[in-house]
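In the part that follows, the structures are each spelled out as structure tokens.
Look for subunit A in each of the two complexes below; its partner is subunit B in the first and subunit C in the second.
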Partner chain A sequence: MHIPDGYLSPATCGTMYAISLPLWVRAGIVIRKTFTRRTVPTLALLSAFSFLIMMFNVPVPGGTTAHAVGGTLIAILLGPWAALIGESLALVVQAVFFGDGGITAIGANCFNMGFVLPFVGYFVYRAISWRSGLDTRRRWIGAAIGAYIGINVAALMAAVEFGIQPYLFHTATGVPLYCPYGLAQTIPAMLLAHSLIAGPVEAVITGGVVAFLGKYHPEMFKLNPYERSGK
Partner chain B sequence: MSVNSFVDKNLREGTAWIERTLAAEAVASKSGLLQAIDPRAKLIGLLAMLVVALVTHDIWVIVVVYGISLALAVASRINLAAFLRRVWLFVPVFTAAIAVPALFLTPGDRVASIGGLAITEQGLWGAAFLVSRVATAVSISTLLVLTTKWHRLLGALRALRVPAFVVIVLTMCYRYIFVLVRLLREFLLVRKSRVIGALPWRDNVRFLARTAGIMLIRSLKLAEDVYLAMIARGFDGQIKLAAVHPLRCLDYGWIVVTFGLVGALLWKG
Partner chain C sequence: MMRYRKKVWILVAILIGLTPLGLLASGTAWGEWGTDEIKGLLGYIPQGLARLAGINHTPVLPDYSLPGLNGTFAGQAIGYYISAIVGVVVIILLVLGVGRLIVRK
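So, the complex of A and B:
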């Protein structure tokens, strides 16, 4: 779902930066309150962890592998705002220091994978696992379903960003200047790939980690400020 | 799935990734044109080139920018074959696969047909725009990554008004990515050395989920250790970064040349 440079018009990229900016500011404020002076090392390691998750190959039945994003997982354990910052910084490091993923598309990628994915995933998880014990089935099933829905909604966002390009940006003779496919093609293509492969991978990893931590390391859930206050 | 092939694949890719990063550091230490330019000036100039390649509606402008990126690679003593391989092997192959159906799917004037499927002129140009833009963008960001040491790039971000808080977190993040990659490699090697034969998919996934969970616990423990070490060294919550050097003639020259070129291309395109 990483959008490279060249698929989105500069106007779209600029808009996505403008949308992401207030989200980053809000996340920065929430995070400073949560972790106080530990903010710097905690976010650094969290981002490094996000980077690692995105780099890692997960086996898919049938022989191939796919990558997970891990946004819902971080949102469940540390809160959705921490996930936004962790994923965003990991995406910046990937694009700027390793040349993977677009520099101009950072705003769009952060919105899709850093905001939409963890927030949708997290709220679905909260709705399903409401008032359940940490090592119950409802917890990890909620986490898996949340992760699945989260990544699919994020993919839908990316599909819409791709799909509006040919309508908005083309030459007088109809040559598409950026992504050449319209919504009728991008939405089914992205949702097919994410509902069949990336979604199940995300669900299995998220559900698996939540089940494991809920059973052996329930203290890990206490880092999420919303979990702590019982909200 | 063959015996633990995903473990092997991760080990292989992890090693390749570390090698690629080390190779990039070696190129950044060479004495070439882009290496000599201050990262702040370099970042601004390369970003201007990137923006021009993305904004233009004229494919020849993209081709010219691509040509400039190749010339810069040569002037920066980057092995051209390796540069081309890096640019054309990874992202554009994927992009080309995406661009091919556009030849047929884009509505417009028919210019040729293959097996009854019409290729349109609009589809042809659309695909050309996509591939050339992506290749040029990847070339430019590869130039930046290859010719700049990461700590100097971070200094450049600071000089360009990225908040100090973000810069310091990025610095630590970069540093600890390598620590975590090494830790993960150890996990995988230990696992590989204890498994004979194929395991069911379910067991592999359980191993992965546990590894990810443990990695997160270790990451947060490490964060706590780093925090204590910072306190021991006198960290009081204030972030102070070293002063930056002023730009030199070469840097100003580079900015003038790139902006002149970019302006000319924009005016022409």
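So, the complex of A and C:
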């Protein structure tokens, strides 16, 4: 799901940076209000954990690969705004150090994987696990389903960003300038990879970690400011 | 009962040790092809894509590999290990640094 340089037009890249910028500012404000210095190392570790998860490429039928992300897990433990910051920093390091995801596409990739993924995952989790005990089945099932839906909605976002390119940006004779595939190809391709492969992996990791922490380290859940306040 | 943070470090170490498993899947993620692969798929490279993909940016460890060590699986695995360690260290320092700037309490 890491969109490289060249697949999105400069106008799309600029738009996605413009959408992500206020989200980063809002995340900074929320974190300043709700985090303490003791919470920051946990976010650092979870961001590194997410980075490592993304290194485990899994084959997808058709000869491509996909990987889990771990963003919903950060959102469950520290809140969705913290997940946006942690994932965004991991994505910047991936683009700058490893060429994984384009520099011009950092705005888009942070919107998809840093914002949409953890927020969708988190709200589904909260809806399913609402007022349930930390060590209950509803918790880890909610976490697993949330993680699955979150990564698939994020993949859909990436598919739409890819897929609108050939309609909007082409030469006078109709040859695509950027991503050459339209929505009819991008949406099935991205959703196949993420509903069959990356989504189940994401669900197992997120549900598994939440089940483990709920049983052995329930105090971990209190680091999430929304969990503390009961909102 | 081990402290939680010690467990997390052990988990991170195990994950780093297992990362070469991520190399076993052959192929590129959908939509992440390099210009060579695009040419193979389409027969041409879209103009704008070629221009933007060529922006002057050289990653230290391109595609999580050490340039020159890609010939063998062992070489790829070494590059992947080094990338995992570099990535983990840089991300932890970066998040701690940004956290220090933002968080006051």
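As a working rule, the second predicted complex is superposed on the first by the 207 of 231 C-alpha atoms of A that agree within 3 Å, B and C clash if a C-alpha of one lies under 4 Å from a C-alpha of the other, contacts with A are read in each partner's own complex, and residues count from 1 in each chain.
One rule holds in what follows: contacts are C-beta pairs under 8 Å (C-beta built on N, C-alpha and C of every residue); 3 or more make two chains touch, one makes a residue touch a chain.
All values reported here derive from a predicted model rather than from experimental measurement.
Touch criterion met: A:G6 reaches subunit B and subunit C at once. Within the superposed three-chain model, A:G133 lies out of touch with both subunit B and subunit C [touch as defined at top].
Of the two partner chains placed around the shared chain by superposition, subunit B is the only one that A:L223 touches, whereas subunit C remains out of contact.
Applying the stated contact rule after C-alpha superposition, one finds that A:A193 touches subunit C and leaves subunit B untouched.
Of the two partner chains, subunit B is the only one touched by A:L77; subunit C is not. Look at A:L43: by the touch rule set out above, it reaches both subunit B and subunit C. In the superposition on chain A, contact of A:A90 is made with both subunit B and subunit C.
When the two complexes are overlaid on their common chain A, residue A:F56 makes contact with subunit B and with subunit C alike.
After overlaying the two complexes on the shared chain, residue contacts for A:I205 are found with subunit B alone; subunit C is out of touch.
Once the two complexes are overlaid on chain A, the subunit A residues touched by subunit B in the first and by subunit C in the second are 4-7, 9-10, 28, 37, 40-41, 43-45, 47-49, 51-53, 55-59, 63, 65, 89-90, 92-93, 96-99, 102-104, 171, 175-181, 217, 220. Every residue of subunit A that touches subunit B in the complex is listed here, in rising order: 4-7, 9-10, 13, 28, 37-38, 40-49, 51-53, 55-59, 61-63, 65, 70, 73, 77, 89-90, 92-93, 95-99, 102-104, 166, 171, 173-181, 185, 204-205, 207-209, 211-213, 217, 220, 223.
In the complex of the two chains, the subunit B residues touching subunit A come out as 1-2, 5-6, 9-10, 13-14, 17, 21, 47, 50-51, 53-55, 57, 91, 95, 99, 102, 105-109, 121-123, 125-127, 129-130, 133-134, 136-138, 141-142, 144-145, 150, 153, 157, 165-166, 168-177, 179-181, 184, 201, 204-206, 208-210, 212-213, 215-217, 219-220, 222-224, 226-227, 230, 235, 237, 239. Of all residues in subunit C, those touching subunit A in their complex are 1, 4-5, 8, 11-12, 15-16, 18-19, 21-23, 25-35, 38, 42, 44, 46-53, 55, 57, 59-64, 80, 83-84, 86-88, 90-92, 94-96, 98-100, 102-105.
Those residues of subunit A that touch subunit C in the complex are listed here as 1-7, 9-10, 28, 31-32, 35-37, 39-41, 43-45, 47-49, 51-53, 55-60, 63-67, 85-86, 89-90, 92-94, 96-100, 102-104, 158, 162, 169, 171, 175-181, 186, 189-190, 193, 216-217, 220.
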